[in-house]
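Two complexes follow with chain A in common, the first pairing it with chain B and the second with chain C.
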Partner chain A sequence: MLRALQIEPEKCTGCLQCELACSYQAEGVFNPAKSRIKVFTFHDEGRFIPYTCTQCSEAWCMHACPVEAIVLNEETGSKDVLADVCVGCKVCTIACPFGTVNYNQDTKVVYKCDLCGGDPECAKACPTAAITYVDADHTGLARMRAHAAASAN
Partner chain B sequence: MAWANNVLRVNLTEGTTSNEPLNMEWAGLYLGQRGLATKYLAEEIDPKCDALGSGNKLIMTTGPLTGTMASTGGRYSVVTKSPLTGAVACSNSGGFIGAELKAAGYDMIIFEGKSPRPVYLYVENDKVEIAPADEIWGQSVWAADEWLHKKYQDPLLRIAAVGRAAEKGCLYAAVVNDLHRAAGRSGVGTVMASKNLKAVAVRGTKGVGNIKDPGAFMQAVNAGKKVLAENAVTGQGLPTYGTQVLMNVINEVGAMPTRNMREVQFEGASKISAEAMHEPRESDGKPNLVTNAGCFGCTIACGRISTIDRGHFSIENKPQYWGASGGLEYEAAWALGSDTGVDDIDALTYANFICNEDGIDPISFGATVAAAMELYQIGAITKEQTGGVELKFGSAEALAWATEVTCRGEGFGLDLGMGSKRLCEKYGHPDLSMTVKGQEFPAYDPRGIQGMGLTYATSNRGACHLRSYTVSSEVMGVPEKTDPLVTEGKPELVKAFQDATSIVDSSGLCVFTTFAWTLEDIAPQVAAACGGDWTAESMLEAGERIWNLEREFNLAAGLTAADDTLPKRLLTEPAQTGPAKGNVNRLHEMLPKYYEVRGWNEQGVPTDETRQRLSL
Partner chain C sequence: MQHVIIGAGPAGVIAAETLRKTDPSCSIKLIGDETEPPYSRMALPYYLIDDIDEAGTYLRKSDTHYEDLDIEIIRDRAASVDPDAHTLELESGATVNFDKLLIATGSHPIRPPIPGLDSPGVHSCWTLEDGRNIAQNASKGSDVILMGAGFIGCIILEALAERGVNLTVIEMEDRMVPRMMNQTAGNLIKQWCLDKGVSVLTSTRVEAIEQDAGRLSVKLDNGEQLGADVVISATGVRANTGFLEGSGIETDFGVLVNDRLQSSHPDVYAAGDVCQGRDFSTGEFSVQAIQPTAADHGRIAAMNMCGRDTRHQGSVNMNVLDTMGLVSTSYGLWMGVEGGESAELVDAEGYRYISLQFQDDVLVGAQALGLTNHVGVLRGLIQTKLKLGKWKDHLLHDPTRIMEAYLGATQSIGHNAALL
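== the complex of A and B ==
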């Protein structure tokens, strides 16, 4: 069974534990500036929304890469960047419609979410279960359940 | 080792900046943030200096756990000499700028001197720039924030700024960061403005990486997060209701200071409580509370994000306040509400927004308005001073007006900006000022909670609940229940809370964790991050060292044992209602014993033996 990150923004408090966990796992530093997942604050509306790569099946980034540095991880379904193959051309960052592939000035290659190889740290760090790692066929289940409950009233 | 080992020194007189390594010997004794910055301050300034003169310094400081994944590890403090109290000031704030400063590679910024013209400081990792602030001088915090974000085209820039009240000399002006978090108390914002420093804007992309033992650290952090999640206060009460969870509780125990502390229970408490913030409004069916919010790294998330009823008189013609912003915490709801007798939750939320927009401490402000209302009631202040406004207890309109004129520093707002002590002196009734060392009381009446009387009287920054929150023990039973009306044992309790809080405030963590955590939960996180021998015992000892360091600064500044007291009202006028009915605060039963357990002489001065024991 493939699993996917399920994000429920209404549960998010904007604490950035996910960004800290992500950057620590991937870069060895607590550094939101280098996180693959980002929490956006919409101040006037009082909303916090985490956002990251959804691992498209036909991934724009993977197709756009001229050197095949982005590859499918068969086990997890993630599209992973091969840092030693990437030439830092940034075409993938243009191709991605969602902005979730980004260039790192320090390493001179791009980086994106790789689901931590199947055990995503962001989901484990989230204190409110706004980010969970669930059956990829049923990421809408919690939302369906909430609407079902609402429609019954 | 968790510290960045880097201090940024900014000489505002000369317009120069420099870097120097952190004094690691002092870090071993004072840990960071509150303790370590106070050590720097005590070593570098004359305690007798004019707080608003160029001889004072202002330190923006992080702790070793600031910027790490430790829950609540995003705190910073502003340490300086207070213009309100003349004592040491250390005001702690959350939000995001503390962690950003650490991620940019700094433990602290020390501001010295006074700039000849308005400036702001821009920090982007190693790039540091003192830039002209003429375009934002005379503007609010929110306007300055917007201008800086536009100028740098960087939505992730973190900003701390002072507003118009600070520029106009309001003595309890705050440093506001991330729009609605604040280093709120003791006038640290006033000091910042006195240096012609409008704002500090920080972008840090280096992160915090030098953890001494990463494996042990993550283990301790995760264990700590679990304790917070499973605790009723930090896992349920605070996220759901915020600190406002206390409004009805404290009112019921008869310790809710009301109408300038004349009474100890407020009949309108339920209307301005956490529960009221959850109630849908009649007008649009939406509650005051939009969501809870966390500061950097915080897994509690007690912060309130609120809206005001658009039909409310305060904002019906002001669409700029129709959006969501920082809502009522218990202290603000009490000071703006119960202490002024106002039970209109929209008026309180409006006043709270404005306090954030222009950077004033809502506790000192609300308590000063309460004193002004009592002065108005007895005829010492009249419509001549207020320009026709009826400054009556319970008037939401008067509160809204008072907030606006104080925040802008206009007319009678300049009088209100002096704080309760100076206001009551000016109008001939010093006894009506509910202050200690010139700083206004927070939301716990010491007639109903005896330990808080000793807490206030001996607090190193004047009346304050965050120097030793014995409410935790006396009302909530954490870590163990004590009787709030009994004085026996309170000197020891206050000392223990003061010492523990001092070191928590020096770590980068939030003191609210201590509803669930003891130093046994915190020490493993500090030890794994910092290295060295940090245990619960050594942390408590460092806390005691910090407390005594602050005390010695204050004594050198000219304060004496005579300042360790409470207003006459709380010592002589008994509570009229509730469980504490008939009680005054019996400070005289506690203070001598407190000096004794502190190892101070009868004049409240640390003895040589105590100084040696603490390596002072």
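== the complex of A and C ==
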């Protein structure tokens, strides 16, 4: 069963545990700036939206890469950056329409969410279950039902 | 079905792979005129600074990739095409038959009409072969003159500076990367280069190159004369359409195509730098000559060649450039539109800049300096023509909040959230 990160922003409290867990897993440091998942803040509305790569199927980043440095992980469905193959041209960072591939000026390669190889730390760290790792076919189901119900009325 | 692709760059290779995926039984011939396995010109600057070896530039890393997909690679060059007879003459004299033909011959560096441009020591930077020549001759401490501060010029500029050469850049326009960045951003890039010890002369032309006791002497239109060991010409590229003369295939700046990337002959398609395809932003047909567009074209042309009717919606023109550590990006109608609005934030000392262009409440263009996080969302906002609503006003006030604008305008906050 392919699984995906399900993000329910209405449950997010903005605690940033996900960013800390992600950066520690990916880079060995507690540094939100190096996290693959990012919590965006909407102060005016008192809301938060965690956001990261959706591992889209025909991935723009993967197709735009000129040197085959972004590959499909057939086990998890994630699109993974091969850091030793990436030349740092950044074409994927401008090609991803969701803005979830970033360039690291220190390492001179790009980075993105790789679902931690199938055991995402952000989901484990989230205290309110705003981020869960679920059957990929079920992501967004609640939202679709709600929309369907609303439009039926 | 016999498919023939001329050109083994990204457009040709992606087309070949898409053909195989869509039609497992078809025959695919990929014709390329360089001796190396298909490689990426985008990777050449990194080869120049020894970040990667030659194999690091290859488009596909498996030794048996093309064999595995039963794609026959032919080392040759197209001489002429007879679309009605469905034949292609190669320079070796061989004839290749096709049912469907894809022209993906890319582009070549233009040679400005400057006396002495053919002197030894003057190079283009376009092929792996050029890269090897430059790597050999532009050694530490040598005097190098780079003609052209366009996209390609700027990309190799970094590679040259890292090799430790004494570098002078000559650009005839009034700023750097004039077809990608506006005055403010282009001049900030120039200032950045000057600070790093690269000499940059804008609004300056090279009038002649002369040989002078084993070195080169470059004469400028301001009367100056500069000595150089190596001169690199990077003054733009032009589509490789020469071999189509007399074929009846219509060309302009590139091969003219419709929204199925079909040329004026229904069995001949075009993709990549050679293709004058639709621009998403302008709706006009133009040559973009960028990697993501080549990838779009290759895939869509191949789908249509297999009989899967696929429309090309137009590619967003986009560029990203790293000039000695200063990352610049531009998208779509970065220069703005008549009657539109714009938002701009400049931090000249910090070399940070962002400019957004709107038409009504839709983002139509953008440019940025020093933005390396979430920059791709600009493409998403432009290409989905997302109606920003109140987020446009937020962006006019603070143009850095592009991710918030995208999420705020699409996610279940506000009234949607109440549904859950």
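Structural remarks
One rule holds in what follows: the second predicted complex is superposed on the first by the 140 of 153 C-alpha atoms of A that agree within 3 Å, B and C clash if a C-alpha of one lies under 4 Å from a C-alpha of the other, contacts with A are read in each partner's own complex, and residues count from 1 in each chain.
By our rule, contacts are C-beta pairs under 8 Å (C-beta built on N, C-alpha and C of every residue); 3 or more make two chains touch, one makes a residue touch a chain.
This structure is a prediction, so every number in the text was calculated from the model and none was measured.
When both complexes are superposed on chain A, chain B and chain C fit side by side without a clash. Looking at the shared chain after the overlay, A:Gly14 reaches chain B, while chain C stays out of its contact range. Contacts of A:His147 after superposition on the shared chain: chain C is touched, whereas chain B is not. Chain A has more of its residues touched by C than by the other of chain B and chain C.
Shared-chain residue A:Lys90: touches chain C; no touch with chain B. Measuring from the middle, so to speak, at the Cα centre of chain A, the directions to chain B and chain C differ by 120 degrees in steps of 10. Using the contact criterion defined above for the overlaid structures, shared-chain residue A:Arg47 touches chain B and also reaches chain C.
In the superposed model, A:Glu27 makes contact with chain B only, not with chain C.
For the pair chain B and chain C, the minimum alpha-carbon spacing after aligning on chain A is 6 Å.
Annotation: chain A residues 45, 47 touch chain B in one complex and chain C in the other. Looking at the complex, you find that chain A touches chain C at residues 8-10, 38, 40-42, 45, 47, 49, 51, 60, 63-64, 66-68, 85, 87-105, 108, 142-143, 146-147, 149-150. By the touch criterion stated above, chain A contacts chain B in their complex at residues 13-17, 20-21, 23-24, 27-34, 43-48, 125, 127-128. Interface residues of chain B facing chain A in the complex, by the touch rule stated above, are 67-69, 71, 96, 99, 103, 156, 179, 204-209, 218, 225, 229, 239, 290-299, 301, 303, 305-307, 323-325. Of all residues in chain C, those touching chain A in their complex are 10, 14, 40, 42-43, 46, 51-52, 56-61, 291-292, 295, 299, 318-320, 322, 325, 327, 329, 331, 372-380, 383-384, 402-404, 406-408, 411-414, 416-417, 419-420.
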